[in-house]
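Can you read through this structure? Questions will come right after.
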Amino acid sequence: MDPLSAFFLGVLDGLTEGLLFALVAIGFTLSYGILRIVNLTHGEFYMIGAVMTWVLYEAAKNPLYSLIIAPLFSAFLAVIIERTVLSRIKYAPEPTIIATAGLLYIIQQSTLMVIGPYSRSVPPPLSTVISTPWFGYSSYKIAVALASIMIAATLWIFLKRTNLGLRMRCVQQDAELAKNFGINVRKIYSLGFGLSAALAAAAGVLIVPIRQAHYLMGFDALLMSLLAVTIGGMGSLRGTFLASVMIGLFGGIVAVFTSPTTSRILSIMLVVVVVIFKPHGILECVKK
Amino acid sequence: MNARRTIVSYLIILLILYLLQFVLPPYPHSLMTRIMVFAIYASAYNLLLGFLGMISLGHSMYFGAGLYVTGLLIINKLVDPFSAIIIGVFSATLLGVATAPILLRTRGPMFIILTLMTSLAFYYAVILFNNVTGGEQGLVLPLERLTLPAGKFLIDLTSPVARYNAALLGLVIAMSTSLTIYLKKYSTLLLAIKENEDRTELLGYDVYRHKLTVFLLSSTLSGLSGSLYSITARYIGASLVSVNYSIMPLLWALLGGQGTVLGPLVGTAFLTVIIDIASSYTSSYLIIVGISLIALVLTAPEGLLGRIKTRWLRV
Amino acid sequence: MSKEPLLQVRDLTKKFDGATVLEDVDFTIAEGEKIAVIGPNGAGKTTLANLIIGRLRPTRGRIIYMGREITGLPPHMRARLGISYTLQSIGVFRTLTIRENVELAEKTALGRNHRREYVSSAIIQVLEMAGITSQMDRPPSVLSPGHQRIVEVAMAAMTMPSLLILDEPTQGLGEQDIGLINRMIEALGDKTSLMIIEHNIEFVLKIAEKIVVLDRGRILTEGTPEEVVTNESVQRVYLGR
């Protein structure tokens, strides 16, 4: 393939990956915005989404249900975690990081015990190829990119236009004040955390046909989320989304010329450089 | 604070460790060596955690610098083992110097995230250059490079005796560092910084310089641990610089309780033994790490934050 | 005084995101002079102190201390040059013992001042009067808030400052403790300049030689206590609130 086509392919792949990880990253930033916590377990919800998809596929040969079941399951799990562990430690920053690190290991190793260390694959539901003059591109990947945008847009509308979304935004702005206005902050915390997990799981469901499900895949998603929020601004949905797409694009282009590993390293270094100059994120907004 | 009592108890512990090697059967003997090497790492980590209250999730980078530089120098027959250790440790210091300006400008969650990211970059770099480093599979240090003549004698660094005492020596260096900081009352200033950086600065102290000092001590000693690990285990591999090895020292330090000098050793010994036992039953033994972290967080009396933020005791 | 003033503040302005907290503030403190900065809440008094001590950077203006420009210096360097500051909130270190707190402050004064022995013992004497010296090896939490505040002022005094800035030191304190704070200030001698931010006008009148009145970020007036107290605009500003 000539370099120009390879470049375009890299751009498309990068965009797709960036959009998909943007879902995970928005979930991460949502739990930071509402609960003010750094949730290291976040990547594991993504992994759960992927693994459940494979399990359901093996069981029922129809992975489409997993788009509903996996996020619900993850949300449920997240709410349990939030009620039993996070609220006990009162969402204090450092204990939460340690606790979520612990949960990361528990979930990861439990998955290992159940499905073993192998990668598990699922065939894509759409196997047509869209031809362009330069190359053929998987229609499933395009569908995934569109699905990510749709899910993100739905979330945006939910937060901006619905009553529940309004209450979430209030808690994000000022939890104390929200309490005085009669908002059940505890419930919003649980819902917010559940929603963030559901987003990550949805991304995991979508990605399995492209990459495989593996018990360690959560790390990558966590890294992508961290990179995105560091540049995009913690708690800023717009910034995180944009940053994730940018990082994905950057990584995709770099990977064409080098390798996935190199692109990871360069993405990290890019973020570190940005942090040096703009410690509060590119959009300079901490509130959404 | 009774300085004499502290020093005496410290010396007694060292004596016990020294004498242990003569009574332990072979497997516990080499396990003890491993524990001591890791305890160096835990001590190093504790300098930042216990004295300054900083949680780093990126220390595997400095451990890895010592590990890989020393290991690769020996494997590639470039220098003798002793020089390899010194160069390895020094490279960990250099890495600390290089990363400090970026990392020390941040606090709290951002510091944790940045340390995690930079150590992940190190891990990926090791994977990337796997034709040199051996990647995930790793490389074994050849036996013949680890024996050296010294005058009339032959020092065999692969013998259990040499390995045990090398680890013990490293541990003495690490624990002495913590002890000196405590005895010289430098710990008072560090605890003040831990509690309230602004207020300490207003008293006239250059807080950044002191954080840098402790940070460099911490990275250097982590490198020492890595160097000694490569020699005592005769193995270097990417798994040793993964995120797990950034989280382990945190767990070792926390499990060991609030003791300044002994804490890391106790925590390391405890967890290493448990993991050793567990790994013979299941390959998912890391789940113990997870459970321990959760248990710590939920059961600490003043809450885990209280445990980190309050006073660390002398022994 | 024919000598140069110890501290000069020129055109000092501070804006936060468009809101102007301080504007064109101009005054001087001479060596050994004791001034008070008063004004209603939100007038910018603490911001002024933060600018002088270096916790904030000015939007415009200069700060000159002992003849040199310190506008760009970080807080710890200014502290080393002899500016000490106690915050509004009580700033003793809870995880250290009282003795360790005081020693920590004392250490930074090393080599600074030959009066050190004399001043140190005078400060310790005040602590003795308060009954604090019997509890030196215990954490500050065993003391009442008033006594904690006294320890904090003692710490600031221990650094042998040339300019001591106290931010509302008597807030919440009873008669006796206020008297002890007074003694602490006296222990420093008359070569030490003092800038005290206060709402307690009684205390201010006892201590200050000059009063600067701030209102909404600007200097309303300055002068001797008698001048300021009888000033009409000052009365309006205080009574009108």
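So that you can tell them apart, the chains are marked A, B and C in the order they are listed, and the count of residues begins at 1 in each.
By definition in this document, contacts are C-beta pairs under 8 Å (C-beta built on N, C-alpha and C of every residue); 3 or more make two chains touch, one makes a residue touch a chain.
If you're wondering where the values come from, they're calculated on a predicted model, not measured in any experiment.
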Inset, instruction - Touching both chain B and chain C: give me those chains, sorted by label. - result: none
Inset, instruction - Please name the chain that ends up farthest from chain C once chain centres are defined by their CA atoms averaged. - result: A
Legend entry - Chain with minimal offset from the mean of all protein Cα atoms: B
Legend entry - Centre distance in Å when chain B and chain C are each reduced to the mean of their C-alpha atoms: 44
Inset, instruction - State, to the nearest whole Å, the distance from the C-alpha centre of chain A to the C-alpha centre of chain C. - result: 51
Inset, instruction - With chain centres taken as the means of their Cα atoms, state the distance from chain A to chain B in Å. - result: 33
Inset, instruction - Show which residues of chain B lie in contact with chain A when the two form their complex. - result: 55, 57, 102, 105-106, 108-110, 112-114, 116-118, 120-121, 124-125, 127-128, 243, 247, 250, 254, 282-287, 289-294, 296-298, 303-305, 308
Inset, instruction - Please name which positions on chain C make contact with chain B in the complex. - result: 53, 55, 74-76, 79-80, 84-85, 87, 91, 93-96, 100, 103-105, 108, 155, 159
Legend entry - chain B-touching residues of chain A, taken from the complex the two chains share: 38, 85, 88-90, 92-95, 97-99, 101-110, 112-113, 117, 219, 223, 226-227, 230, 234, 259, 261-262, 264-265, 268-269, 271-272, 275-276, 279
Legend entry - Complex contact set, residues of chain B against chain C: 188-189, 191-192, 194-196, 198-207, 309-311
